[in-house]
Every structure is written in structure tokens, then in C-alpha cells.
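Let me give you the structure first, and then I'll get to my questions.
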Amino acid sequence: MNTRLATLAVALLAGVCVAAVASARPQANAPLTIYAAASLTDVFRSFDSAQNYSFGASNALETQIRNGAPADVYASAAPLNTQRLHRAGLVEKPVTFTANRLALIVPRSNPAGIRSIYDLRSKPVKLVVAGPAVPVGGYTLTVLRKMGLSSVLSKVVSRESDVRAVTGKIALGQGDAGFVYVTDARAVSDQVTVVRVPAWAQPRVRYEIAVVSRSSNKAAAQAFITSVLSARGQTALKNAGFLAIPKAPA
Amino acid sequence: MSLPDGEATASESAVWIAGAFCSSTASGVALAGIHVRDAKAATENDLAYANFGLATSYLVADFYSRSLEAAKLEASTRPALRRGRAAATLHARELTALLTGAGDTPATAEDFTFEWPVPTFATAASIRRTGTAVLRASLGAYQQAAATLTEPTYRVLFASLSASVAQQVGTFTTAGAPAEPFPLALDLETASAALEAFLG
Amino acid sequence: MLVVATGAALLFLVLPVVAIFARVPPDELLAALGTDAAKDALLVTAETNLISMILILLFGTPAAYWIATRTSRLRDAVVTLVELPLVLPPAVAGIGLLAAFGRLGLLGGTMDTLGIDIAFTQVAVILAVTFVASPFYLRTAVAAYEGIDPTLPAAARTLGAGPGRVFARIAIPLAGAGLGAGAALAFARGIGEFGATIMFAGSLQGTTQTLSLAIYEQFDLSFVVALAISAVLVAISGTVLLSVKLLTRWRSGSTTPIPFAPTTPTSG
């Protein structure tokens, strides 16, 4: 019986060692771990379903990467987060890969009767926004400031942790109005009505993507980024409602 | 459309005078701009008009460019169109300086993709109509700003912009059309809604 | 080898808790507790959980007694039902609350007509907390009632006490320790609630942002504040655990047939 136990133990140990070695070596076709902004959920999944995704608020993902999360690629909805990680040496040089616009959404039933952004000022409304550290939350503050409507923030009833939570609350009719990206509004177009944010008040929304420095699969990570920047990737983004990579200002 | 000789000369001179006025207004604005850049007491509402004005100036400049390209209006209007475009560009520059001085991040021309309906530049009549509508909406907003903003130097600037735009309206109205006795001031909500089809 | 295994397990379980207090100096933790975010979270949690506990005790005490005194098979079904929220993941609890009480939920229309609007209010937080915490109380309370020596209530009945009096004057005092332990468990579960609250009530500092929600927001804003709030929760949870232990020990002596007799139990 002792020899049987010993054999079992050796076999187990050997198996563990092989598995460890196998996982440590980067494999050409192993799926990448991609940390991406919540608004990219549908478009990234349909663009490349073979990868492992973790979608969430860009700032929460930034904190996770800072604390050692095993990501290979990081895609953020605001340059602030990627640039901060780049300055800390945690990601390689980020590159802009798409842009977006903000929209105000209201539930289909429109309980507060909001037909324009200015109605937020004049009518009682349960306004749902993302927290200020979340990219879309910061962009919302910019929109309201550019329109001279920051007083509307007194009607906020909840500061959500990411844009999908805002979309969810409005789609379920819990809130009367919420600020999201136009791309998120498309995903729930049957449950919400879109109120346009005028172009002159839109913030400069830039999505950036970068290879994570401690990735063990950098070649594949870079290949993923290249495919996102390629014609196929850009078409997928455009079809989902994202904007083309903006030209740099003169 | 052909006019009898006497009136043709009169309208030509009118265009020259308008052009001269535009350039002097522009330089006047540039002078006013030096003061505007120092103004820090502006409220959020003040800056909202500036943001709107900036986008509108890019819109107007784009409109002039496309009108010139389309070449549907009389050749005699081309100098006025060019001067209008120059004025709009200077307005944009001035408002950019104002916004930067107030700590905001102003938009640039590349941030906008203007959506002109397809038949806009197809005929002279359509160009006149659209030009008048766009300029009147921006004029309305500038008038409102000139009357109601809290920061005095901003009011001076917007009064200048109003005067410049009012003169540009003349480019697109036909010679026989009467001048509006009291052009309406428009609050930002109304002006923004009026330009939504073009500005986006 | 047993010592090594125990040591490893202890270290693994204790280290995160110790780290909360040891990561930054105590004066920084105390300073962080003074921030508005921490103070507001403390107030919101205190208010909502107090009301929630009152509701749980008010409805749960008689309900658990009713369940404990049934003998039919119905009793088992009812017990499983009230224990259901225990095994529901908090996110599922949140979805369920939305599906029932949300504006587009089953009762949404009725509440609208009655003019009741609970979206994003403290009422929503109270509902969420009560939903996830009440099974803890009910389960422990039922067990506490069942632990009462049946001869005692029976004796009270033969002496002429009605069912209400038996409940109030006999059952509750005898089960008291168990009820207390259950309340403590429910309270601990309630103040830690996160998933159902954030889904059903949203998160707004000063209104609906409880301690757990505040930790989540502060986690990438100010790690020190997150640590400070966590420390508060650890302290409260520790106190709860201690009181449960003490109450349970007290309870084991309170339902013997002759409470004031010497320690050797007599049958009967």
C-alpha cells in the first residue's frame, strides 16, 4: 500500500509540474485576457469571440491591472487611464483606436416627459449617471458644463459603477434619464428613447488600447491590437456605432 | 439674376462696404480679444454661449467653403463669401482663445462632421435659404449673449460677433428683400434646436 | 503535519483581516474615517439597518414561532421557502427585487397608482437588506423555539395561559438567547449587503451608499478610505461574532427542564 501511495504522489507531482510548465510557456493559440471598457462588450465579443474578456469600468480595470491582474491587453474609454498606466510602466505605449459620443436616454414610457436635454433643468427627474471616476461619468460632467447645465446634477439619484449599470437602470425604468454612449443606447434601443446631446457640447471621447507590460503573450496581444486597428476592426466598430479614429487637431 | 446697371453698381458697393466692415470688425474683435482672454469671472452659462458660438463659427466657415465650391451664386458674391469665411474663422479663433483662457478645452474644426442635406448646395435659392437660416440662428444666439452674459468683456465680444453676422446675412438675402427691423434674440436652447439639423 | 496544516489555514484566514489594520498607520485610518464619504456611509448603513432589524424582529419573531409550532408537512415547505434567499447569490436577489418592486416590475404599476415611489430611496435599501438578512434570523429563531423543552409551554397551557401569552411570556424568554444570536447574524449579514443594494437602490453618497458600496467606490479613488471603512466593518463583524458565541453559550443553559436546579439534569 505504501508503494501505491508513493506512486500516486509522484504521478500527481509530475502532473502538476507539467501543467505549470505548459501554462508558463506562451502558446500561439491560447486565448488572450483582454480587459476592456464596458461599452466595448458587444463589439469586441462579436469581433473576436476566441479571446477571454473582462469588461468593466475603465477605472476599475486600471486599478486591477495596477494590483497585478493578469491581463494581456487593456482597452480604455478614456486616455487618462491608459496614460496613467503607461507612465507607471504597466502598459506599453497606448494608441487611439476609436471614438464615441454621448447621448441622453430615457425609458420608452418616458415617465418624466424629457424631450430635450434642457428639460432636465425644468422638470423633476431621477437622473442616473456614472461615478465621476468612470470615463462616461467624467464625460457627462463635461457635457453638462459645456451646456451650462451643471445645476442639473442636483437631480442625480445614483452614481453607478459603469456605463452598463446606467443603461440597465434606464432600460428597467428605474431612472427617468441617464447619460450613456450612443453605442450603449443602440444595444437597448427597444427599451429606451434617445435624446440627442448637441454636437457643440460633446466632449472629446477617445478610446485607447495598449499591451500590458507583464503579459506573457505580447506578440499575440500586439496582433490583437493590430486587428482592432485594421479595416476589419474599424468596420466592426463603425457598424456598432463608434466613430472613426479622429484626426489629430492641427 | 441680372439687375439694371445702376442697381448693380449699388449692390456691388454694398458688398464692398460690407466686406470693409467685416474686416474692421474682425480687427476690432481681435483687439477686444486681448481683454477677453483675461476675463476669469465668466459663469458656466457664459461659456455655454462661447462653446455654441465656436461650433457655429466652424459650421458657418464650412458653409461658406461649400457655397464657394458649388459656385451656384453670382460671381459678384464670391468676395463676400470669402470674407464671410474669413470672418467666421477669426470668430472661431477668438472664441477658442476665450474658452482656453477660462480653463475649458475648446473643440477644434476636426471634432465636427457637419451634415448638410444633399440638396443644400444644389441651387442658388437653396444656398440662400440655408445661409440665411444658419446665420439668423447664430445671430440670435450672439444677440442674446450680448444682452445677458455676466462677464462684460464677453458681452462686448458677442455684440461684435452679432454685428458681423448681421452684415453677413445681407450676402444671402436678395437685393429687394427688406431688412428685418428687430432680429430676434434666441436663447441657447432655441438656437441649438434651430441648427441641430446641420450642426448635429 | 497537523500543526502545519492548521497553521497554514489560520494564516490564510487571518492575514487579510490583519492586513486591513496593518497596511496603513492607525492615525491615517482614523483620519480617513473623518471623510465625508465614510461618515455618510456610516449614517446610511446605521439608519437603514436599524429599520431593517426592527422589521425583521417584528415580523420574524412571531413568524418563526408559527413555523416552529407546526407539525404538518407544510412546515418543511415553508422553512425551505424562507431559507431561499440564503442560497440566492446577491445579484440574483437584486434582480428579483427589481422584477418584483421595480417600476416595471410585478408590483410596479400598483405602487405607481398608490403613489409609492421607492426607486433609489433608502426604502429600497431597507427592502434589499431585509430580504437578504431575514432568513438568518428566521432560521436561527425557528431552531431556538424548537429547542425549548415542550413540557414548559404545555405546562403553561394547562395552567390556563392562552397561545398569545405562551408565545410572549414563555417562548420568547426561553428562546431569547437563540433569538439574540439570530438577530446578530441577520445584522451582520445586513450591514455587509452589496449586490442586491447596488442593483435595486443604486449608489448615492448620503442617501443609498452603504458601507459596502462606499468601499467599492473608494477602492480606486482612495484606498486608505476603503481600508478605513473595511476596518469599521471588521470591527462590527467581530463584535457580532463574539456576541453570538456568548449568547449561544448562555443559551445552552437556558432551556434545560429545571433552569435553576443543580447541574445534573434529571429526566422528565
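Points to keep in mind about this one:
The chains carry the letters A, B and C, assigned in the order they are written, with residues numbered from 1 in each.
Quick note on the criterion: a contact is a pair of C-beta atoms (placed from the backbone, for glycine too) under 8 Å apart; a residue touches a chain by one contact, two chains touch by 3 or more.
Predicted model only: the values in this text are computed from it and were never measured.
Distance from each chain's C-alpha mean to the overall C-alpha mean is smallest for A. Ranking every chain by how far its Cα centroid lies from the centroid of chain B, the top place goes to C. Centre-to-centre separation between chain A and chain B, using Cα means, comes to 39 Å. Between the CA-based centres of chain A and chain C the separation comes to 35 Å, rounded to the whole angstrom.
Remark: chain B and chain C have CA centroids separated by 66 Å (rounded to whole angstrom).
Across the assembly, chain A contributes no residue in contact with two or more other chains. The touching residues of chain A, counted against chain B in their complex, run 116, 118, 145-150, 196, 198-202, 204, 246-250. By the touch criterion given at the top, residues 59-60, 62-63, 107, 111, 126, 128, 131, 133, 156-161, 165, 169, 172-175 of chain A touch chain C in their complex. Within the complex formed with chain A, the chain C residues making contact are 98, 102-104, 108, 119-120, 198, 201-205, 207-208, 216-217, 219-221. Contacts from chain B toward chain A in the complex involve residues 43-49, 51-52, 54-56, 104-105, 107-112, 188-189, 192-193, 196, 199-200.
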